[in-house]
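By written order: A, B, C, D and E. Residues from 1 in each chain.
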């Protein structure tokens, strides 16, 4: 089922939080809504599932305008950050609840619950209470409950935020697997970029109630449309250098770093620009040598992360396979891969 | 139906049982009380309305007030006349025909000014009814008087009076009929009386004193208990908190009698004081300071229990890391209480203060069952006085109107205070917007 | 054809010793049923009795029941309620239902019938009467020098006004000084509010009603002197300032066990002392008298506070007629005597003197002869309650020294002025 | 956190301020099974005679009928208070409706109404609906009296239930009523339980309302019964007997309290702010 | 100040949580206590700072036995996971609190607070309430409060757990910087390996109340003493293959993977062994080819992560620079770096 938000507007007490937002989620795709806290991700989700009323615009499920339909009639499955399992019911009853309230027969309920429990790998937990489950198991139950009545749409509001790192990893694949198996249209709200990138077909990056860019993860990473998007994606994050155009090249006067502008771009001399360099593009392979002093080094197991202070105090981050020979305080001269540099105007737009 | 209306209806449906009971047992009584406050309602006027009765006493006082003596005298004459008219009336009322014939035969034309005399005459008749009640009913038919007759409406009374004393001017009749009304009348005198009486101000003083001191007792003891039990080992803490909850849960009848046992003559303190050679008397009623002390303790113990529960709850809600942090920061126990615990208890304290002020203002059961406001009226508080005025009198004369006026004032003060407190508590924060908008 | 009637009777101030207030109606019902049977009717009367031990609850219940039209058919209350209740239309004038010229009502004491009347009509039938005497401990009197003869002559001296309330204080003080009674137990008045305190008002020359206008009277002078008397008693040390509010138990214990010097109570207390407190030789241990005069303006007196059977407006006229008949039968000397003697009350009619149970009871006879003739009763005026309440409050504050006597009297005055205005003559 | 400080001074102070309670309650219990010489508080003999009222109606009148009445009285009040508070509290905490804030404010302000002094008004209302002098009437009034408190407490508890549970329920297709019944109500069980205990304790001890609004002896409750027994003017009056009756009357409360103390202490679990 | 735990034992209600643990933290070093939830990390910390009483053994600060000293006298600074700031006090008052309770003069307090606030970069926040601060700022305040009275020891109980990913990164360097600048002995409790590795001089890995290994991060990563430690460190985690020795080599019969045993190790033929292969050692550079089917692929921006199922169902994880050519379902034949393989006995000890 394709979901369309047309000029969706949401106001809280006269405070417009989302203003005329447009978004299309394709049938069967999994879309991530990614953005900093408070940007309106949950609000969008709640409007889609019928918990919030829209103040303007329309929400279409396929052809159907659901804007004024109560939740109960929208047939949407939702997984909440804190799972929102019914603590007084067994896992079976939790999952069976949506079926029970629509008066399915007992036999049907038992069958459907079992099917979905197998899909989510919790068949052996059906007798337990949520309190007796681990976080990951609870998460699966929440998922099973959301899916059991075959909703048209699956909404996930930071479903992994409460899990520890390892479980998060595991549930990521799990959720994606189930979404792919059921072919359901899904929207995942998150502010974790790794989650968004690893789980979804496309990512919509939001900020201040607006969608900044919507793209496949890889495209978003390599072709961010704004410096905000560039800074938001990538871990360790991209570093920025400020400079100006000089004879068709980029020059950071403080450090003397000079980079060729991307092909086909012409900018007036002296225009202020910002260049973004991802840490993997600053290290041993590259074409522009940059000198600086290592001010911080940390081991992350298989890789090391370095902060290199350039003479004017600007910082460039570098990530490299683990090595022993560089320590904080060392002067280094590493290479910058100019082909991978991203250029932005002063107001953040990509050149 | 539009969507908002539907969700509103759900809300109202859920609320309706509460509305039903609250309107019935809070709102209506308040309205009625407000109405009564402007009447002179009492036992003798009744609540549900009165009738018109002209009595001897009434006529006496009317005469003293200068109502024409001729009219008054005419009205105060009771006379029993046997004539055609009265016989016809008796016949119509169903008096035994034989008996009536006998009356007509023997007493026709006679008049009696005393009921008893007429009655005696009738009793001597042969066909008199065997039942005294029937006799009296027959006697009534011959009476030419409005004295002591209860008329349901003013019109009836006016008609009867005019019929009896045709010469009476209409305004005099009106005056008499109006004065003969036994039911309640509208008046603002309850309030003027309250304002002008010096007792009122004493009562106000007592009430303020009572509320202020009991409240302080409640808060301080409650705090002390909560904080100390917070630090004590679980066993001791739960023993003390259990102990201190007893006053709150013991039925008031028993609780107050236990205090009597404790403080009356022959009671525990009395016996102990005697043994120690200290003054021994009925501390509860015997002297003003002891009476107040006991009133305050009786109520303060109950309040302290309440405060303790609240404060303990709030204490448990303090993140234990903050306490750890303060200890690691080097704070002593006292510093911990002073700097960490008390600031956390700000809201609960404010809450206890406001809630208890209102409870204390309007409660009087405990005082009523212990000192009953004595000695003299020294421990009488507003609520108690209002109750005693309206509903509880040894001499049986209940002054609903005045009592209601007092209650109304209490309601107004209470509402004003709660509005103030609601402000103080930033009431709006209590109300989060429903997150489900459908 | 059987006829079933239910008659309800509510009685206040009623406990185990005076249960005949309701029992008498039940006995009457039985007699009436039998009479009906002889007449060939099948009458079946159920008497539903309910009693209250205290007065305030009872009066509250009656009042509210009346408002809700669920009042009982017969109410047994103090005569002073007649004024209020008749005015509010709660009562039927009983004179419309019974024959005072016939047996047994024709033998009732006329002054008690007066007490049961208000505004020219008779509203109730006296149910009991009593006197409220002073009591003296014979042994303690002897200890301060009284001879047996002196003691026997004491009631006469009281009656003549020779022995006043202040003589009493002196004697009480002497007893304490002689260490035969503990300090503070020389004089033990009634520990709580009650009719009794009006006796002291009378002792100082107070009056209740203005003979001329029929209005209520508050005699400030008498009230002042009465309050002063108790303050003086406190100052003399014969009664503590903290006395009021004492439990009845402690009081009974002291007076019945000869720990007190002089006190006052009701004739019915004797029954209680004997039944509950083990008093064996009343006449040997205790002397009694009228309440002494307080000064030359007043007189020795006692107050009787008869309870009356009242007929409420509840129910049909037929029920009321039947109820009135029951009351009439219950007023038969034999039946009323059961109550009088059991509870230590006095006769309501002259014929009771001839009932052996009554005649053989020394106490009732003595009280009837010596005290009752001097008895007055409180007025039935509906507004009297206000005065009463104010009087007792003033007494409490003067006694406990919460305020001066003058202030106490003034606040009584202002209270009465405020609530009753010119309905009361204050002088 | 307790090891650095000596506890005994605190315990001592606590003991001192608790003395009246300790003595009163200790003697309440002791006196019911002992006799003591006149003028002394120290018992000198053991007896069960003060408890004879349990089997011997002549001592103080039948105690069992009032007991049953009181149980009925209490149970009805608890049921009504729970029923109404749990619906109204939910509405105020969770539902959209017009004037919601005013309802809540009014409920809070109602704490301030001295209902017992408005009793004539209450009487008239009862009389009008024909419930004066009936147990039903008193039950309704008493329940009504507890409602502002109950509603407010329940609202507090509902406030603590995560919205997500409710959202999930709605999402699962359940009506608001079903959500409330099946999903939310079970979450506030501790609140319901505490409120039930609280209401039970309060109703069990109620004295004033039955006394004024149902004076007929047809359904005397224990408080009235106890007060009658405590009348010192009565010839059967005996203080130790009174204490036994009092203890008998209070025991169910004490038992409830002792067993469920922790749950009762939950009463303000919904937060006390406001 | 050196901290020594000698036979430290801790019991809760008769339940021994830590049994005779020994640990030495060197003067001026920053040691991480790393381990799964419930292993006793916080308990150890609380014993050191005097919130818990020890049930056995000794705690020495330098030469001084503090085992029976109350918290107030130990002079330990503690930073709690949820910061435990005093919400009713301003930032200044929060930091000043430890000085105030020891009755320092106002002037001293003002000076010390300012110094530490500058060190922690919160000088401009001193007037605010904790509620008005962001998570990272709160964290700094907590740190400042712990440090202001110059404690002998700084204890940090999961100080970063409540921060979001970006802030975490930033605070990591910040805390380390301050610790280095002040030279204070510090213990950091965490269950995040990246945190432990990047911030600390040495890591102590705990499990079930015992310290399994204590080593510098890099040594720990490359030379785990047990399979637990190997599995615990590394993200994405190491994969394990089960097999047996066969003629001095390791053989996984199910997959046919054969690896040389490390030099100088002799094991009886047929002994059960487990081999651990980190994802960075399975990919394009290596010496042992392994065939399998990609069952899962995810983009993490600059790198991709693949799960490769071997014929017998065992999974090998691989991490490689982002590429586009491999999708789930593809058959691949990648290389395994046998030199980097780690061998463990069946009971988990490293060969």
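Methods note: a residue touches a chain if its C-beta (ideal position, glycine included) is under 8 Å from a C-beta of that chain, and two chains touch if they have at least 3 such contacts.
All values reported here derive from a predicted model rather than from experimental measurement.
The central chain here, found by comparing per-chain C-alpha centres with the mean of all protein C-alpha atoms, is D.
Just count the C-beta contacts per chain pair and the biggest one is B-D. The centroid of the Cα atoms in subunit A and the matching centroid in subunit C are 93 Å apart.
Annotation: 27 Å between the Cα-based centres of subunit B and subunit C. In terms of their C-alpha centroids, the spacing between subunit D and subunit E amounts to 54 Å. For the pair subunit A and subunit B, the distance between mean C-alpha positions equals 68 Å. Counting partner chains per residue, subunit D has residues 1, 4, 124, 167, 170, 212, 239 touching two or more of them. Counting only residues that touch two or more partner chains, subunit E has 51, 70-72. Across the assembly, subunit C contributes 60, 67, 247, 249 as residues in contact with two or more other chains. Residue ranges on subunit B touching subunit A, taken from their complex, read 3, 433, 435-438. Across the complex, subunit A is touched by residues 162, 164-165, 167-175, 178, 182-183, 186-187, 189 of subunit D. By the touch criterion given at the top, residues 1-2, 4-5, 7, 10-11, 13-14, 17-18, 20-25, 27-28, 39-41, 80, 83-85, 87-88, 90-92, 94-98, 100-101, 103-122, 124-125, 129, 140-141, 143-145, 147-148, 151, 159, 163, 166-167, 170, 176-177, 180, 201, 204-208, 212, 222-223, 226-227, 230, 239, 242-243, 246, 249-250, 253-254, 257-258, 261, 265, 267-269, 272-274 of subunit D touch subunit B in their complex.
On the side of subunit B, the complex with subunit D involves touching residues 4, 7-8, 10-12, 14-15, 17-19, 21-22, 24-26, 28-33, 36, 47, 221, 224-225, 228-229, 231-233, 236, 238, 240-247, 249-254, 257-259, 261-262, 266, 268, 271-272, 297, 301, 309-310, 312-314, 323-324, 327, 333, 347-348, 351, 355, 358-359, 361-365, 383, 386-387, 390-391, 400, 403-404, 406-407, 410-411, 414-415, 417-419, 422, 425, 427-432, 434-438. On the subunit A side of its complex with subunit E, the touching residues are 37, 164-166, 169, 172-173, 191-194, 197-199, 217-218, 221, 233-237, 278, 280, 296, 298-302, 305, 307, 319, 321-322, 324.
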